Amino acid sequence: MQLNLSTWCEVKDYLKTQKDIIIPIGSMEQHGPMGFIGTDSICPEIVASGISKTQNVLIAPTIPVGMSQHHLAFPGSLTLRPTTMIAVIKDIILSLTGHGFTHLFFLNGHGGNVASIKTAFSEIYAEHSLSNKPSSVHLDLYNWYDGKRVEEIENKYFKDVNGSHATPSEISLSFYAHPDAVKKAELSPRVAPTNQFRDCFDFQNNFPDGRIGSDSSLASIAVGKELFEAAVQDALEIYKQFINNKP
Amino acid sequence: MQLNLSTWCEVKDYLKTQKDIIIPIGSMEQHGPMGFIGTDSICPEIVASGISKTQNVLIAPTIPVGMSQHHLAFPGSLTLRPTTMIAVIKDIILSLTGHGFTHLFFLNGHGGNVASIKTAFSEIYAEHSLSNKPSSVHLDLYNWYDGKRVEEIENKYFKDVNGSHATPSEISLSFYAHPDAVKKAELSPRVAPTNQFRDCFDFQNNFPDGRIGSDSSLASIAVGKELFEAAVQDALEIYKQFINNKP
Amino acid sequence: MQLNLSTWCEVKDYLKTQKDIIIPIGSMEQHGPMGFIGTDSICPEIVASGISKTQNVLIAPTIPVGMSQHHLAFPGSLTLRPTTMIAVIKDIILSLTGHGFTHLFFLNGHGGNVASIKTAFSEIYAEHSLSNKPSSVHLDLYNWYDGKRVEEIENKYFKDVNGSHATPSEISLSFYAHPDAVKKAELSPRVAPTNQFRDCFDFQNNFPDGRIGSDSSLASIAVGKELFEAAVQDALEIYKQFINNKP
Amino acid sequence: MQLNLSTWCEVKDYLKTQKDIIIPIGSMEQHGPMGFIGTDSICPEIVASGISKTQNVLIAPTIPVGMSQHHLAFPGSLTLRPTTMIAVIKDIILSLTGHGFTHLFFLNGHGGNVASIKTAFSEIYAEHSLSNKPSSVHLDLYNWYDGKRVEEIENKYFKDVNGSHATPSEISLSFYAHPDAVKKAELSPRVAPTNQFRDCFDFQNNFPDGRIGSDSSLASIAVGKELFEAAVQDALEIYKQFINNKP
Amino acid sequence: MQLNLSTWCEVKDYLKTQKDIIIPIGSMEQHGPMGFIGTDSICPEIVASGISKTQNVLIAPTIPVGMSQHHLAFPGSLTLRPTTMIAVIKDIILSLTGHGFTHLFFLNGHGGNVASIKTAFSEIYAEHSLSNKPSSVHLDLYNWYDGKRVEEIENKYFKDVNGSHATPSEISLSFYAHPDAVKKAELSPRVAPTNQFRDCFDFQNNFPDGRIGSDSSLASIAVGKELFEAAVQDALEIYKQFINNKP
Amino acid sequence: MQLNLSTWCEVKDYLKTQKDIIIPIGSMEQHGPMGFIGTDSICPEIVASGISKTQNVLIAPTIPVGMSQHHLAFPGSLTLRPTTMIAVIKDIILSLTGHGFTHLFFLNGHGGNVASIKTAFSEIYAEHSLSNKPSSVHLDLYNWYDGKRVEEIENKYFKDVNGSHATPSEISLSFYAHPDAVKKAELSPRVAPTNQFRDCFDFQNNFPDGRIGSDSSLASIAVGKELFEAAVQDALEIYKQFINNKP
């Protein structure tokens, strides 16, 4: 059930029996010469969509732009400042809790978002703790690629060259989601270097074509399909724990 | 050309010959018993997509959540505070101008966004004016429903009962975009009341089912198709003026 | 009744029978070679003063500096950033509603303020909507020059050359308010160009002497007097609707 | 020379020979049963006006609302939060320094503003110090009642009962400025109590009619006239030091 | 009793009988060629520690970095922006009042902090006054060097050359606190100049070695010991008034 | 070398040969019935102090209050909101980089600070990336307890009952730092429960005496001494990599 395509009456009905919602959150940032700029939004969006096919759960619209300051030297990358992102997440959480939602599951596609999302959660909780008003909201953050089934597939196909940005894993999944838009590119070197990074200029110095430690050329729609099924199972498992274990 | 599905290399190439981009911006808010919560995002998104088929222009991902505080009494509606929305728009504009984009066209689907978007533009310009640094960016805001071709169709099919929220016009367009999700509902009264509103509680008092002045039941995919073609022509005309007339 | 010259005991008495107040709001910005920098504050201030002579209503002090970033290239212009202006309006509204005022009528003199004022209203309402606390405040915004009586006079005397900044209309009214300070200047061209504008540098490029589309030289104290009477009638009419129609 | 009633061309000429400006700053807050709510704005405004008659200096419009949170329990009092006030002062200073003004003299009428104004000055300077960009602006704050000539008159007429809020001194000066609006009231006790205060509820508990330590009933237009002349001389002396001693 | 070294159970017990706490607040800024960068934090910290030996009172950890923008041209100086400092003080006050503390005594070591601390207090009170929620907190600010006993010692040993920054008085006290770290330096001139200052560049121009009006070379551990005892007595006296006189 | 006890001249000399600094950062929050409220500040402070004895490096004053919203239900705990903490860290970083420091090593004692500190780093970098100004600063975050030597000791003495809050490990280290303040308490149950937590009310429900998964009673000064030596070695190793590997 997509919030986007529901009416308020349908959401009202949904809330009579359940109070949980999945919020895909991604980014709009370069993913090397072959990867879509929207990779990190496309992936959690399709995984959420997969979940909603086996589980009756409401899916919020994907938050499309994340914390991607380090990618700004590559054309087309967009970022929110971390403090802007905190404000966005806070307003969305307040909107949802106002309707009675109690379990909000942020299904994330971008490692660079993690600290900002967690900080937004703490900002919300701090507001309650400082004003002596207990909160009824449960907030969880899960990266679609963090489950064991996904890891197995990554190890099977991309061992050692999955890297940490523009990975063949995430590119496969995004290709599976958008088969008509699949790209090809000569990668040189095949496997990108690894390193730390600071601002976008430092990032570009370290990673001239935008990839970190990955060989994106191994990406395929076929592996994307396997990853999709694995990621849906992984996320579903975590999601069920989330809505069951917490009162 | 969708930013979402492009690589940074493709955007780099694009920027060699043109510096303009269309940014659809909408909202996630109730649209009465028949309208999608995502109506105001779906409409500019599909219009932008239509434009990109006749004009080589880059389309940014749709900003899905807008300023919808007045709808929060209806389940599923989300809002950003105006000041959050200003921060979001500012960061996106700064990201794009950093890449060399000079003409940013916000294609809007929600009247309630207008003041906040204009204020965001002024905040950006004020930064330049107060720090004595001339800006090279041109910012424009256009509501997809403001053109004369759209107005003609609205007058033809929905005269006097198009209203101002959950209009059969916007619902038709969103149905055309998502024919599989079309809703039906009994509307009572057929034509919703009109009035002003303040916060979401006042809004709900005035408009018990969420519509303002409209008879949503007149919406149809067929009219949606006509509206789509008209809206693309209207927006394209304004867009061309925007990128041609300003140096 | 001027808040400025009242005691708190007088305001306490006033609040026993009515809860409405008029807040003039203007700007401090260039108005071409003949217009006062304070034109947009002077005009709503004198109109408010006129209203208070026929209607028992409390007039707040004029907010003298507005959103005028686009005028900063002209010496003497002052601006608040939009976000600062939102904070100012918010604090003043909170102060007044704390005393029990329920109907706040912002009588505006500057088109450039409109988006920021409306956004401030939404920010207030969003606070209520997001925290589930219905608001009792009614906020209205009216530009002194938007009524039909004023329009008639403008059409009679300044047709086609009233323009949109440093208009002979607003300059006439400000001259009527300050006859001792009336200015003369050679205008070249007599009728200023029209165009859009972005930051203050772009504004100055487009409008070298600061006027937009206007022939300020037609301004006179005599027409100012007519405008004053018309504007008071126009605003009074709207004001009465505002305090009567809303519960 | 009043900024309010000047054209940008006149300000441009002024800046050819001098770069200083006086900015009256006050408050809108109760001043006991006899004092105007606008007392603290009226006083620096008339003193600034007096200065401009003997010294060629530009006078900015009075900032009418200040930091008066402690007065909010008395109807009609308005406040800006301190952080809002800092933003306002910052924007006005940036506007003026952008035009080339180098010496900004804030002529203050309200003790409660002092910490916020000084903090705003530090915020501006901190911006320069933290970004390694030396500032050319000189900022000064002077309370109109702090000079020795004013003190002598206060001692002569109001010794021991001038108090610290709703003083016969400030009320005399405001009565001199607005003789038609002079109020009378029975004061009980004649001399108000003194104490410290915290928020507006605590203030009202301590000072039931709003005065602190003062016998406002001693106020008169005649003493107001003497105070006016003294305050102009005092402020002028400090002002000349300000613009002469600092390079 | 040091908060730092207490358990929550001990604080819980403390709160059964008293609700007061002392919060030392200082800065991290140059103090001339001989003075510690931490002088202004060390001094209130040791005075607070002295108080806690004669009076059962809880001492919060010292806030180590203050508003020192004017010192940034000297290596090692740190500053918070005033608005950051306001946020810090606000959060700490809210944390403490949440536990039931009612009397918070800020024992300050840095004159440059005063306006920001007072503004933070007003920001807290304004929040209460604007939201119609009376506050139970009592906030006080006391500079350790402002008492009469300290003044006597300063007059006895450093008359006329104590100055206002890097004073032999504060340096003596910090040397007494850290005898192993005592510094020596050639001072030229012995007595530093006095003047006003703006940003850190202006400060450095006026005060090349960082001192203002002081002869730091007179500092000694012996006088530091006398100052310590005097400052503890002075502060204790004020502190007792603070907790006794206010209900 | 402690910044606190240095003069600006000494820091100036230091900067001639090295540009690195260690910034201990902790929290002020309950650590169960036996642990100091200052545990998380005391630990990185003493580790930093240990490092400075074998390595010539400047140590900044410890940031004493961190992000501890979840502990506020326990008396004496203090918190900064995450956004306040971001502002504090940003100002300190800007102060240091203004002096020419290039390598800033945050030595952290509190897991709850991690997301906020990382977010602050990103906020700084985002400022650079969005304004097209490459940054020269290198920021690193290291938790004193994350090294392999510390882990070995924890496994040796506290295996399975070290837990994640009020661990015998951190309490041992803080006891070693403050042997005179060592506490004893009956713990029931000996080993605290484990769980997740949200705001401070939820935390207290889950962990009635404040501990998570730990048996604090195993803490001892003797193990604290071992941990101190291990932690210094661990941190030094990481620190040397930090200052050597990055240009």
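Here the chain labels run A, B, C, D, E and F in written order, and each chain numbers its own residues starting at 1.
Basically, a residue touches a chain if its C-beta (ideal position, glycine included) is under 8 Å from a C-beta of that chain, and two chains touch if they have at least 3 such contacts.
Since the structure is predicted, the reported quantities are computational estimates derived from the model, not experimental observations.
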Between subunit B and subunit E, the fewest steps along chains that touch one another: 2
Copies subunit D and subunit E touch via same or different residues, half shared test: same
Gap in Å, rounded to a whole number, between the CA centres of subunit E and subunit A: 47
Whole-Å gap between the CA centroids of subunit B and subunit C: 30
Per-residue overlap in subunit C, given as positions that touch at least 2 other chains: 72, 79, 81, 83, 91, 95, 98, 129-130
Overall pattern in which the protein chains touch one another (line/ring/star/complete/other): other
Pairwise chain contacts, counting only pairs that touch as defined: A-B, A-C, A-E, A-F, B-C, B-D, B-F, C-D, C-E, D-E, D-F, E-F
Contact footprint of subunit A on subunit E as seen in their complex: 91, 94-95, 98
Sites on subunit E touched by subunit C in the complex: 129-132
Subunit A-touching residues of subunit B, taken from the complex the two chains share: 2-12, 14-15, 28, 30-38, 41-42, 60-65, 72, 74-81, 83-84, 87-88, 90-92, 95-96, 98-100, 178, 181, 183, 185, 210
Contacting residues of subunit F [partner subunit A, same complex]: 67, 69-70, 72-73, 79, 81-83, 86, 112, 114-116, 118-120, 122-123, 125-130, 134-135, 137-139, 196, 198-202, 246
